[in-house]
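Per-chain residue numbering starts at 1, and chain names A, B, C and D are given in the order in which the chains are listed.
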Amino acid sequence: MSIEGKRAMIKGIIPPVTTPFVVGEVAYDKLTSNIERWNRTSLSGYVVMGSNGESAFLTRDEKLKIVETAKKNISAGKILLAGTGSDSIKETVSLSNDAADRGADYALVLTPSFYKGSMNSAAFVRFFTEVADKIKIPLVIYNVPKFTGVNIEADAVAKLAQHGNIVGLKNSAENAAHTAELISVVPRDFSVLVGTASVLYPGLAAGATGGILALANIAPDQCVEIQRLFEAGKHEEASALQKKLIPVNKAVTSKYGVPGLKAALDMLGYFGGEPRSPLAPIGEKEREDVKMILKTAGLLD
Amino acid sequence: MSIEGKRAMIKGIIPPVTTPFVVGEVAYDKLTSNIERWNRTSLSGYVVMGSNGESAFLTRDEKLKIVETAKKNISAGKILLAGTGSDSIKETVSLSNDAADRGADYALVLTPSFYKGSMNSAAFVRFFTEVADKIKIPLVIYNVPKFTGVNIEADAVAKLAQHGNIVGLKNSAENAAHTAELISVVPRDFSVLVGTASVLYPGLAAGATGGILALANIAPDQCVEIQRLFEAGKHEEASALQKKLIPVNKAVTSKYGVPGLKAALDMLGYFGGEPRSPLAPIGEKEREDVKMILKTAGLLD
Amino acid sequence: MSIEGKRAMIKGIIPPVTTPFVVGEVAYDKLTSNIERWNRTSLSGYVVMGSNGESAFLTRDEKLKIVETAKKNISAGKILLAGTGSDSIKETVSLSNDAADRGADYALVLTPSFYKGSMNSAAFVRFFTEVADKIKIPLVIYNVPKFTGVNIEADAVAKLAQHGNIVGLKNSAENAAHTAELISVVPRDFSVLVGTASVLYPGLAAGATGGILALANIAPDQCVEIQRLFEAGKHEEASALQKKLIPVNKAVTSKYGVPGLKAALDMLGYFGGEPRSPLAPIGEKEREDVKMILKTAGLLD
Amino acid sequence: MSIEGKRAMIKGIIPPVTTPFVVGEVAYDKLTSNIERWNRTSLSGYVVMGSNGESAFLTRDEKLKIVETAKKNISAGKILLAGTGSDSIKETVSLSNDAADRGADYALVLTPSFYKGSMNSAAFVRFFTEVADKIKIPLVIYNVPKFTGVNIEADAVAKLAQHGNIVGLKNSAENAAHTAELISVVPRDFSVLVGTASVLYPGLAAGATGGILALANIAPDQCVEIQRLFEAGKHEEASALQKKLIPVNKAVTSKYGVPGLKAALDMLGYFGGEPRSPLAPIGEKEREDVKMILKTAGLLD
């Protein structure tokens, strides 16, 4: 990335896309067809191999083929972020660069988390600095305490935001104070993105530049609309639309997780399919609940 | 409270006031002098015996004398909330009614929390319903997971908000998604207040009616101004002022707690004094840090 | 307590007795009849107003009347501990002394826990030292992380064990390493008691002097027998009996809690009754499970 | 594995060996020299790529070369376990089988943990069953809540212990009740090993067959001696030796972690060296503390 005084900002709404499986194997053609449909929306780009992409269950080869597939199919002007982080600096660097070679524009890198007690700000600064020094695409930090059990603090982010190759952060913590604090310590050309639709409007109000949102898999237009309304100064309408989407977002995140998101995709004409084991599909009763929630929100007739 | 189709709303900024101690004993005169000074601001009222009032360290007699002292000194038009909750329904009812007799306008009642594993939505509904049925002033639910280890969910709040004598909720969780979800399930005349200044602006943006904020002890005008700007549609200015106060708020909450808040009060001409044992005052180095933070924010010359 | 070089040790098995309620009010006569039956066993004494006594739901007056009732009815040679702790030093001292006046032999005092982040070793040392200085009966520290959210560390216990009026500690943490570490830092005349039957034998093996066990409410003889076997060097038999009681203990602690314990008491001819609100009795299905577990363990025909 | 009615038991003391690094790269020769020295003790075998082996920081190629190196150097009669688990079933199977081809006798497989909320007993049963079905060496379950944030419950272990190719479980939870419960639900030929030296004696007393212990890296003889004393019925001596090692164990686990363990190895004539980034070596003050603790325990002159 060539930086001339200013980093390219990451703006707008980006879905962390699900990984389709058929009988337990990655169905690249289904990923293609989903992307073709999302291409017709105003989404800014895609994340592959994020938490919603069941990255933890994929092999290295599968990950790279997913990057290739996504790159081949996304429409012009949309960006591609690849989730490439693990606790190992060596492996994170290697996978990020291989993903870059296959077309990823950004590496979305998880905070290391295995040795929870030792993952303080100094450790995070070491980790992300070493990775960012060695990868050929810009790095976006991925903070998701509910899955990692660790949380990156503002002092570490303030330092890391000075690194030319670290351009943003996705904060999946629902803690709005934390997001606001992060925004208050980074330069204006560093992108802070919210990581869940439930805090999209409050996050934008606090200065976030957009969101990487599970909900954007199934309600891309509505998520984009919230940001449009916000930017047009239509705060009450943005807030009202946000409120309407809360139950839907909950259904496809904390309530039913990736299996719930995949069920909703199926109902809405995308390919959802089953999650990979050891995750299990949701049951019939849960599907009915998801269906009702989609209907109530006007996403399904 | 007479409700004719509509509950009285709790709006605006309210400090949970600290309890002054001199040599370990409650200094009621210092509370009086602090209140006299706060009376000159646009604060909507006061909370006594909240978490910042070191309620956990007070005897029953001290609590009632604090309510009396506050009531005697607050200026017309300001409301008085008294923290009266404990795990015991009997004691909560009895203390709330005694506080009401001494002038408290509202009982701010903590979620019960001792038997954490059993404190599900059904238990919260039973607890708050039984208390609200028996007390003579309106009840405001107080949710503060960082101290109680439990969190009240939207389904319980939706039910409780139908009770005529339960009029609001203070949510000290910094989770903006949770606040937004609560707001989405309560009637329009039920007041949801944010519980920490770090999320004041995003909370208002999500529909909160105000805040009960530790920061309002030391920066009442600034907190009130954020809400005024928000209500005037000046979102960018509200957000900017909010951002400026983040380090101050952190200093008097998560970073140094009540001892830090009391040190800041002393620096700003209020009476702060020492916390009650087993809490300890902050050290010299921490005081310097607080001083610097107050100066940077323009609260101290 | 007169200490001449040596503190009185607390040894053996002690049930933290449940508080009987009839239609929501304390049924002192039922407590009396339960104690009369327990008196016929080799239990070393009783705890009233512990976690299993629903102390959190009792008023001050009820607590003192419970101490009186217990004192009047316990047989000679058995000791009486009263749970008197709260975050307030003043109230803890006052309640402990009032309980002492009514016959309590020891004050069992919870770690303060409201300001979790500030409850470090220094705070615990301040708290327990101030309380122990001012109460007229010996103090036993009560550590129960699953309810308080805090844990007292070995360095604090090492210091507190030097205080002449602090004579023991009940550790309800199931962490055997923690119990072993505590035992390794206290003088020989300081009693460390395990707080749950699931770790009775391993605890004794690590040097504990006994246990304050919910299970001892319903299986007093079996708990006493484990300790007798251990002291007779019959390790394998002790371990085998311990293993047999694990499912029963789980049923009346982590699985169904106080409501489960009360149901089991009813089945075994004691008075159990309902818990106080906001706790709820267990349902019919859960009762069947408890009954089966009691039968499998040979406690019920 | 050929099972004729009975599985091969895993008994005795096994160190999860550290991975030596020189200037950030794996120093296989140092691993060799450490193993040569451990070979002279009565350790039962070795774990490579465990938590203490910084497995999270190693690439796949490094892992396999470590297995090869260990296999080449361990003395006859000692077993080799390789940590091969990740959330991905595919990758766990593939790595386990590659490790088997290079000489690993057992695959030590972490509980999957990324989707914490979904990792219930059913998910664990699916995961370990699928892995065990497909790998050519026996599987040992590795439960370590402090790193994974999840805990495998007795009902799942009871089911998995029926699988012919799942032969044991390492429980690094310090919860003795949990270990005792697990032991109570598995067949006699299923090996439950404690995962930290602080609970070795209580664990053996509860029926554990041995321990996989960080402490065994630096105090192999003493750990072995505890088990020998226990098996000889010398309970008091076993307990006394256990107590003496508690501070040392704490220093190389919860207090200073892998960096502390490596410092201790250096002091005792093994090769310790630095941890891999983002972990950092301990400082001079901490080294002095470790040295003093080793001296007090009689491990260093």
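Criterion: a contact is a pair of C-beta atoms (placed from the backbone, for glycine too) under 8 Å apart; a residue touches a chain by one contact, two chains touch by 3 or more.
Fair warning: this is a prediction, and the values are worked out from it, not measured in the lab.
Novice: Return the chains shared as contacts by chain B and chain C, ordered by label.
Specialist: Chains touching both chain B and chain C: none.
Novice: Going by average Cα coordinates, which chain is farthest removed from chain C?
Specialist: A
Novice: Between copies chain A and chain B, are the contact residues mostly the same numbers or mostly different, with half as the line?
Specialist: Both copies, chain A as well as chain B, present the same residues to each other, with over half of the numbers appearing on both sides.
Novice: Roughly how far is chain A from chain C, going centre to centre by Cα mean, in whole Å?
Specialist: Here the centre of chain C sits 49 Å away from the centre of chain A.
Novice: Provide the C-alpha centroid distance between chain A and chain D, rounded to the nearest whole angstrom.
Specialist: Whole-Å distance between the two chain centres: 35.
Novice: Going through chain C residue by residue, note those that touch at least 2 other chains and give them in order.
Specialist: none
Novice: Using the contact definition from the top, classify how the chains connect: line, ring, star, complete or other.
Specialist: Ring.
Novice: Given the complex with chain A, which residues does chain D contribute to the contact?
Specialist: Result: residues 51, 56-60, 86-91, 94, 112, 114-119, 122-124, 126-127, 130, 146-147, 149, 254, 257-259, 276-280 of chain D touch chain A.
Novice: Which stretch or stretches of chain A touch chain B in the complex?
Specialist: Touch residues, chain A against chain B: 174-178, 180-181, 183-184, 196, 198-199, 201-203, 205-207, 233, 235, 239, 242-243, 246-247, 250.
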